[in-house]
Each structure stands twice: as structure tokens, then as C-alpha cells.
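The structures considered in this document are given below.
The two complexes that follow have subunit A in common; it is paired with subunit B in the first and with subunit C in the second.
Up next, the complex of A and B:
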């Protein structure tokens, strides 16, 4: 099969395989149905303060797997739904940010700076349109970069890197995440090291599963979903409960959420384009680097936009350009974040963690360089799935272009679930999700245990992402090191024999040494913009 | 708590955990060493990955500790989270006990003589008994804790939310088991 044959096979797999509905000659596949459902669910989740895309993904994953099973046919519907949630939540986060001055998702904070003043001026509907137009532009651009860059990156890695170099690349990626995430590089390393220890439990090549303390339940290691849901979701819920407890429930008198002027003319769109263009490039570049996240991208986009802006209304006082700069940047992160996830198997953010987890749980698709092997003799089914996933991402973008703005306006006055009801309900929903996948109370106990760990890590300002990425990378890293060591004839310096491997390790050391400055700079960019909030 | 005191605790806990791993856990609970010889082939043993993890924890915790002594001290958020979190954990414990045992206890009290929970766990109302009781307890207690008052309105919301969650998982999917039914 040639390149175009794979692309066409991927499109056919997304649109025609596994039909759900047949309306005369029109076939709607489960994959398309799920990505559209996921998108709308994601907008609702993003528009609900207190929820975010990863919450929705964690709750949906066990249901999706139970519904579609563990066959290769399940991959596209399940991953499509998760991708839909990821995209929908990104755009939906702007709704409460603009109408109620409450960011639905953390990366929508910058949107409040200009969105809420616009809503107070009776331009809430226009602000939502600006947010949706900028968000979908950034998202689409970022996806196109993903489709072109991920295969090239994977092919380059597969062609030029052997096992020692791949091991060194994983160390470099992890060092980068540890260096840039969180407030102190040492805490990033601490989290990553802890992730290695947790991943060691119940695994290994010896017949005796290591570090299990003789417990049979740990013989296969901790259930991955329980660890991720615990540390990422339950830990966050505990942290939010604690915050609510200490700060009180706050005022119940929310602003009216009046949408006012809802129009956005072509002339206005043209004015926004330079801001959107700059921010989507910034967001895409930031998103391609694992661990940095959309909050920094939004802050960088906003800063760049403010420097470019010469309009009548200054940034921070209700400038549509401010919303455009922020939303284009934070939405452009979501597509390019999948570049390291799909081509290297290294998740760049929490959403990518759940996509990798879905692929890992169902089987038949292992994100990494081998996915993009354009084999001509035999069909690489993983590559077909990858192109099917790209097709679904574009389908979600088309749905977003066509209906996103109307759906966001529709949600404007609807979602105001009080946190004291929302958080306990989501907690029960999350624990139930874990149970139905693991099948025993042990899963709930592990989830709760890691929830406590996640909560303590948040109190101690220890970043969570390095731990999660280390947990995912531990097995492939250990296997690469084992195989490279044996292939080198048990040379203990095998990794240093390769100039590329040596370069990667040297870069890791430089990265960690310079991490203090990097974090200081990132912190300054975010806090400068927050300080200028009205 | 101040920032430096918090980081000192991070360092103490990190160093303690790393030392437990290096001195006891890895040595006693892994059968191969850092390097293993198998059929005259030298290969990497199972102890290497956790040892690297533990050394990383030790090194970084010391780094955190040293930084904690150097940094300018800042007062962190007011209030102590420990009592609140203790209550939250107690609520979880009570809810899980209810989830596990309300079903079997109800069967022993109200079902036909000789019937066991295992036999009835796929039938209404027994299949929902533990989940509804435990889930309602969890939501009601957490909501009441945050509002600092217990009301019938909260109880109604807790029951409604739990029932919706139970139906969300149980009605569309035959293969899914609500907690705690998979354990019996």
C-alpha cells in the first residue's frame, strides 16, 4: 500500500466501517456518531465550572469500553469520543469564562480578562462567537500540523534511532517535563521517580512479581485506570473540596448571563485574523512540547496579542482581540499535543494520557514510531487507525465550525450546578467508573489511595504530570534499556557509545540545570497577565 | 504552614520513602539484583528500575530540603486541611462499608429464607441496595459537610444523583456490575 492508499483506508475506516445508522444510501458509522457525541458532551463538560475534559474522559472510558468491547473495531469509536470530549471541552471552557467570569477550564482564565467585560457591556453573544471562531481556527490549524508532523517525526525516529537512542530520548522527554512543569525542578524529578517506583510494582521479567509484599492482588501491578483516575481526577476533587471548605461556598447570585449582541461580521473576523494566526502558531509550538500545557500557551498568545494590538478598546477591558488571542492559543495546544503522544508514545498532557490509556486497554494500537510504518507488502492496521483518527478529528472540527457557536449560546444560561452537588456526584461517578472496569472494590481502594496521594502532591506543590508520564514510560523505557544492554553484549556504557544517545542525555542534564530559569520565566508570563486582570 | 516548612516535610517524607525502598523493600521483595546472570548471559535485573526510582527520589528530596532552607519564607493558605480531610476519609470509609454490606444484610433480613446475596445480586431491588445506600451516604455527607448543615433537600439530591448514576451504568449495559456486586 502506498501513502495515499493508507490515507484513503483511514478515511473509509472512519466513515464506513462499523455502521451505526443507515439512512437510505447514507451510512453513519459508530466512529462518526461517537466523535460528534463526544464533541457535544465535551462542550457541556467544558462549560460546567468545576469539570474539565479529563474528568469527562475518565468517566466515559469504562462505559465506552464496556459498550464497544476489546476488539479493534472499538478503537475508533472509543478514541473518537475521547477526542471529541477533548475538543469540545476546550471550546466550552469559554462559556462560563465570558458569561460568569468563571473559567470552565483552567486554560480559559485569560478569556475572562476580556470576555467578561464584553458580556457586561451587553456583548456576551459576540464574545462567545469570537471565542468559538478563534478556538476552532486554532484547533484546525493545530490538527493539520499534527497530521503532517507526526508521521515525519515517527519515520525519522524509526529510521535513525536504535534502542539506546530511544531510551535516551525517553529520558530527555521525561527530564523536559520534570523541568518545565511545577514550581521546582526537584519536585518534578521527585514525582517522576515516584512514578517509576509505582510502575515497578507487580511487573518485571522474573517469575516473582517485584515489590508486591506478597499480595496476590498486586501481582499484575496497580490497575492503570485506577492510578490515573485516582491521582488526576480524585486528587483534584479532594483539592477542590478542601478549597470550598476553607473559602466557603461563595455567593449564589450569579450574573444574568445575558448574551446581548450576538453578531460577528466578516469585517470583524478579518480584524481578528492576525491575532488568531499568531496565537495558533504559538499554541501549536507550545503544545508539541510535552508537559507545558495550554495555560502557558494562552498566556503567551495573550502577551503576543497585547503587543500587536492598536485598537480602541485596550486588552483587559473587553477587547475581542484579547479573547481571540487566548482562545486560538489554548485550542491550538490540543492537536499538537498528540504529536509526541502518537509518534513517540509520550503523552504531552492529561487528555493524551487518557487516549493512550484507551488504546492500551483495548489493544491493537500502540502509540509510538511503529504506528507510522508505511509498509508496502503488508497492511499496517495501526497506520489505518491513525489516519482514521485524523479523519475523526477533522470531522469534529467541521461539526465545531458548523454548530459550535449556536451550541455554546444555547448553554449560556443552563449550566450552573452548585459545586457542593457537582463535586460529590462526580466523585461517585468516577469511583463507579473505575469499579466497572476493574471489577472489584480493590479498584476503588486503589483509586482512593492514589486520590489521597494526588491531593497530598497538590498540597505539597509537587506536579502530577511527571509522575503519570513516568508511570506510562517505565515499561517501554525498561524494555528498551534491557534489550539494548543485551544487544550490546552487556556493555554497561552502551547508551554512551552512541553520539545521539549521548547528546540526548547531555541535553537532559542541561535541561534540568536550567530548569529554574525556565520555570521562573513561565511563571512570570502567566502571573503578569493575571495581575493585569481588571 | 509556611512554604519552607511544607518543603521540609516534602524532603523528610521523600528521603524516608526512598530509604525504606533502598534499604528494605527492594532488597527483600525482589529476587533478582540490579544485574542478573541467566544461562551465562548478563542481563538487567528487576531491581534496577525501582532502584533508579528510589535514588531519584532520594536525590530530589535532598534538593528540595536544601532549597527549603535557602528560600524566602512565605505564609501559605490559612487554615488546617487535616481535620477536614480526616472527616472526608471517614465519610468514604462509612460509605464503602454501607456499599459492601447493606445488600447482604437486607437479603438476610428480608429475602426468602436460605437465599444469599450472591444468588440475588442480579435482581431488583437487591442489585441496587448497596450502591444506592453507600452512594447516597457519600454524596449526602460530603454536601452536608461543605454546607455545614444537614437538610432533607440534600438527602433528596443525594438519592436522585445516586439513582441517576446507577441507571447510567446499569440500564444500558448488561455486562456492567455496579459496586459491590462484582465482589460477591
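Up next, the complex of A and C:
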């Protein structure tokens, strides 16, 4: 079989095998049905404050396995649903960020910076449309890179990156925090250090967990979701309630019910294209590198966009370009993140973990180098499945292109809910979803505790993002450095042993040196509370 | 033959009341000493599901991860011994980890061990293209001066790797920070480490010929490579597999203990149950019930003590 035969077999496998519905001559397969329902479920999960794509996937996996069983026929429907959730949640995540200033995930945090000001100016509809257009563009581009580069890219990257290089790469990712510290570097460093302290609790390799003060609840650290949700959402709710209380219910400084112009003309799209283009490349590159993740991609995309931007409305005050730069970057991570997952079996992010887990549990598809062997004499069924999966990803993208806009309009209606009803509802929803994910009241206490911390940080104008990124990167950084050190036979200079590692370290130094200049030119972007400072 | 049959029926009839008498007075909670989403968690949840389906009991699984299972152990020992709270963990928690911890907060006497459930498929794994067929080859390479790294995911396995190197008078750079066997496997595939402990996820790669089980870390043959070298061939008398085990707080009434043990052992053994299918797919069935379960933990404890002594500097 040639390459095209495999592609065609994959498409046939996705569309025709295992039919669920027959509408006259039209056959709808279980795989297509599942990827579409996964997509819509994902949009709703992403749009619910406090719920995230990976959580939806974790919840869906056992149910899917139970429903479809362990036969090879189950592979595409199950993986399709998971991929659908992943894609839907990426788009949906922008909704609460734009409308309520409560990002559901750390990735969507940068979306609030311009999305929420737009919503307050009565341009919420347009902001959602920009987010959807940028997200689906970034996602589709990243998928195309996945389809064409999966067979060789991850293998090449792994060949060049050993443990010391990976440690240096983590140092480089961390240095990007310098680009987002806001106008007061000292406050940024304070926030990042705080992120490190929080991340170091309960982690480490000693049998006695670190910094837990003997509390069993902390033995596996603060629940990640509770920390994010607390700082990002609950902190924001507290600060909005505070604002509401100060200004009185009548004169609330919150969006009007009007969504304004909800369309996006071709001219407007042309203006956004350079930002989307840059960000989707940034996102795709970050996604293909091991262990960095979409939050940093969003931050980098936004920073790059901010440097390029010369329009009337500055970034941070409701520029559609800011939303485009963020959403294109964080969505472009998802496709290329699957490159190491499919071609090496190594997950690049949490979402990919569930896809590998599904493949492992069902059997018949083992993500790894063998998947992309284009054998000509015998049929490599795994390759057919891989192309089937690609077909489903594209199907989800097409659904997203066609219906995403109207779905966004529908969800945009949420903005009409008055703040005094909305804020407590979001709080209740957030606490409930945290409870479901953590599974105990401890999760709620942590969420509320970090909510208060987030509120104080907003009052004190301490940027949130450095804390969040440091919290995310702390564990991979520590593991990478520790593993590289141990593998080198405890050589203190392990990180300086290869030209690639040295290059990464040099880039980190350049990044730090340049951050001063970046800050001067673009003051006050990341500090979230400038819109709400009393 | 007829006598045998009659005896069997008699035995069945006399055995029956023991478990028929006890029924739970409320929902049974299974505290799982692992985070949600992994293989051990899935196993516990499927057992709960099967017990509910088979006996009509209301079984509620609950994750209590942290401290390598010790958080679950400490919570379980304080629960009432009425058969309504069970714990699902791994023998490491009660053997090596308990002995290595500064203050584990529990002893073996705090629990009634009901039955072991399943064992891992622990082996030292390398990529096939490295050209080694067994651990002896690797040791020979290390002796010849090659610097080799050895991935590990628990303190016990790191000690094991160290012990292997010590007995054979070679040096491995032991990389101990991996979380779970799959992470070690990923590191092996990515050429981050040369060899490493993997507890089961290597099976598919070994079957496909991309990976090789250099040595069998278990006390029984590995399913996918039954002829893999035994640890005794490199002078090591310890085993490094992990065994999943179900337990209750100490002092469980005899009838409840028998009923629960039978229920768990029945569902995991029975063909076609979800847990049985899962175990055969991912682990290997290992059922030692009642006294044998406690004896199994005691034996692993004694071995771990010896390992700790042997690796202490």
C-alpha cells in the first residue's frame, strides 16, 4: 500500500466502518457521531467556569470504555470523542474569560486581558467571534502540522534532546516568565516565587513528603485544579463582588446586556491574520517541544502580538488582536502536542495522556514509532487507525468552522444575566466542579483559600500570570534538573555539556536581558486589576 | 466420582452460610490509595463495580492518594472494623515503604489483609536495538567501561538497582525521579536513560520486538517473556514486583471477613467480569486470601528489611 492508499483507508475507516445511523444512502459512523458529540460536549465543558478539557476526558474515558468495550472497533469512536472534547474545550474556554473575566483554564487567562474590556464596551459578541475564528485557525494549522510531521518530527526532536538539554529547555521556558511580569519586576518575581513555593509542597522524591507540616491532605500537594480555580476564578469573583459592593448594584461597572455587532467581516479578518499567523506558529512550536504547555504558548503569542501591534486600541484595553494572538497560540498547541504522543507514545500534555490511556486500554493501537511504518506488502492497521484519527480531527475542525460561530452566539446570551445573579452562580458552579474533581471538602477549602490570595494579589497589583506559570513549570523543571543530574553520574556541570543545552541557556540570558526593554515599551499589560482598581 | 461430587456439594453447603449470613448494613466504601485515572485506580473501580453487580451490594470507591499509599493506610486504620470500609493498596506501602519511612504511623497489626489481587509484570527493560538480551550483557558492558543510566520510579526500585550494581561491582547512574513505570518506559524510548524498571506497560513493545525484558523482577515468570533472565542469575535474591492487595481495619468480625474476601476473590477470578478482563489485560492474577495474604505481606516485609540492610552504607 502506498501513502495515498493509507490515507484513503483511514478516511474510509473513520466514515464507513462501524455505522451508527443509516439515513437512506447516507451512512453516519459511530466515530463521526462521537467526535461531533465530543466537540459540543467540549464546548460546554470549556465554557463552564472551573471545568477543563482534561477533566472532561478523564470523566468520559471509563464511560466510553464501558460503552464501546475492548474491541478494535471501539478505538476510533472513543479516541474521537476524547479529541472532540479537547477541541471543543479549547474554543469554549474563551467564553467565560471574555464575558465574565473568569478564565476556565490558565491558557485562557490572557484572553481576559482584551476580551473582558471588549465585553464591557458592548463588543462581547465580536470578541467571542474573534476568539472562535482565531482558535479554529490555530487548531486547524496545528493539526495539519501534526498530519505531515508526526512520522519524523518527534523522533528528530528526541534525538537532539537528552536529559541535560531538556533541563536547559525548562530553564529557557521559565525565563519567558520575565516577559510577563508586568510593569513591576519585583512584584512579578514575588508572584513567581510564590508559585514555586506552592508547587514544592508535597512533591519531591523523598518518601517523606515535603513541607506538609504533617498534614496528610497535603501529602500529594495542593490539588492543581483547586489552586488554578482559586487564584484565577474565585479571586476574580471576590474582586468583582467587592467592586459591586463599592459601586452599589445600580451603577455596576459591568457589561451591558448588549452584545453589539456579532459578525466578523473579511476586512476585520485580514487585520487579525498576521497575529493569528504568528501565534499559531508559536503555539505549534511550543506544542511540539516536550513539557512546556499551552499556558506559556498563550503568554508568548500574546507578547509577540503586543510587539507587532500598531492599531488604535492598545493591547489590554480591548484590542481584538490581543484575543486573536492568545487564542490562536493556545489552540495551536493541541495538535502538535499529539506529535510525540502518536509517534513516540510520550504524552506532551494531560489531554494526550488520556488518548494514550484509551489506546492502551482498548488495544490494537500502540502509539509509538511502529505506527508510522508505511509498509507496502502488508497493511499496517495502526497507520490506518492513525489516519482515521486525523480524519476525525479534521471532521471536528470542519464542525468547528461551520457551527462554532453560532454556538458562540448562543453562549453569548449568558452576558444578559445581571452580575448579582451571575457571580454567585459562577462561584457555586466553580466550587461544585472543584469538589467533583478533587473529591473532598479539602478541595473547596484550598479553592477558597487561593481565592482570597488571588483577591489580595489583585488589590496589591501583583501579576497573577507569573505565579500560575511558575506553579505549572516548577515540577517539570525540578524533575528535569534532578533526572539530568542523576543520569550524568552527579556531575555538577551536567547542564553545560552540550551545545544545544548551552544555546538554550544563552537564549534564557538574552530573554532576561531583553525583558527590561519589553517592559518599558509595553507597560502595564499583564497586571489584571488595572480595570478594576478602586 | 459420586463421592467426590457429594463431598463437593457438602463442602459448598457448609461453606455457604459463612458468607450468606453476612450482608453489609450499608454502603461499602473502598478507599483507593492511588490517584484517579491510573491502572490501579481503574482496577479498584472495576472490582467495586463487579462486587455490586455480583452481590447487589452498594460499593463506593474513593481515592485517597498520597505518600505512596500511606495516606490511605492511616485513614483506613482509624475507620470502624465493620466491613463497610475497605482499602485497596499495594504491598510496597506495608513492606518497604513502611520500613523506610521515618514514622509511617501504622504497623502491619493495624490491618486485616483480605486478599491479594493482582501482580505487576516488573522487569528491567531496554530498547532491543541496544543489542543486549539480558541483564548480564548490560553488566558486562558496564564492566567494560560503558557509563549507563538506570531509570526507576520508587525508592525500593532505586535500592534494587543500587543493589544489583553493588553485588556485581559495577556502577549505574540511577535516575530515580520518574513517576510510574510508564514514565520510565517513555524515558527509555526517548533514549534519556539506557535501562529501567517498568512494571507492565513494556509488554506490547516486548511482544513487538522493539523492547526487551532484560531481567524478570517478579517471583513468577513474565507473561510476555517467560524465558527472561532471573534476578538470581546476577546474584540478586530479592524480587521487585508490586502486588495489589485489599484490606480492612484490624478486628473485622470473622463472618464479614470471610464474606468480603470471598466476594473479592470470586469477582476477580470469574471469567468475563470487568475486573478479571482488566487484570488479564494489564496485570497478572495473583490471589492469596486470608492467612496467606497476611503471610505474603509479612514475607515481603522481611525481604525489604534485608534489602534495606544490604543497601545501607
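The working rule: the second predicted complex is superposed on the first by the 306 of 534 C-alpha atoms of A that agree within 3 Å, B and C clash if a C-alpha of one lies under 4 Å from a C-alpha of the other, contacts with A are read in each partner's own complex, and residues count from 1 in each chain.
We adopt the following convention: a residue touches a chain if its C-beta (ideal position, glycine included) is under 8 Å from a C-beta of that chain, and two chains touch if they have at least 3 such contacts.
This is a predicted model, so every value here is computed, not measured.
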- Query: Does subunit B (first) or subunit C (second) touch A:220, or do both, or does neither?
  - Reply: second
- Identify the partner contact of A:357: answer first if only subunit B is touched, second if only subunit C is, both if each is, neither if none is. second
- Name the contact category of A:202: first (subunit B only), second (subunit C only), both, or neither. second
- Item | If touched residues of subunit A are counted for subunit B and for subunit C, the larger one | B
- Message: Under the stated touch criterion, which partner chain does A:504 make contact with: subunit B (first), subunit C (second), both, or neither?
- Response: neither
- Query: Of the partners subunit B and subunit C, which touch A:439 in the superposed model: first, second, both, neither?
  - Reply: both
- Task: Could you say whether A:390 touches subunit B, subunit C, both of them, or neither, answering first, second, both or neither?
- Result: neither
- Task: Would you tell me the residues on subunit A in contact with subunit B in one complex that are also in contact with subunit C in the other?
- Result: 66, 205, 208, 439, 482, 486, 490
- The answer for subunit A against subunit C in the complex is residues 58, 61-62, 66, 70, 158-159, 161-163, 166, 202, 205, 207-209, 216-217, 219-220, 344-346, 357, 360-361, 363, 366, 368-370, 439, 479, 482-483, 486-490
- Message: With touch defined as at the start, can you tell me which subunit C residues reach subunit A in the complex?
- Response: 35-37, 42, 45, 62-63, 65-68, 70-71, 74-75, 97, 100-102, 147, 149, 155, 171, 173-178, 186-187, 189-193, 201, 204-205, 208, 210, 274, 277, 281
- Item | Interface residues, subunit A side, partner subunit B - complex | 63, 66-67, 184, 186-187, 189-190, 192-197, 199-200, 204-206, 208, 210-213, 238, 241-242, 244-246, 249, 419-421, 423-425, 427-429, 431-432, 435-436, 439-441, 444, 448, 452, 455, 459-462, 474, 478, 481-482, 485-486, 490
- Task: Note which residues of subunit B are touching subunit A in the complex, please.
- Result: 6-7, 9-10, 14, 21, 25-26, 29-32, 36, 41-50, 52-57, 59-61, 63-64, 67, 77-79, 81, 84-85, 88-89, 92, 96, 99-100, 131, 135, 138-139, 142-143, 145-147, 157-158, 161-162, 165, 168-169, 172-173, 175-180, 182-183
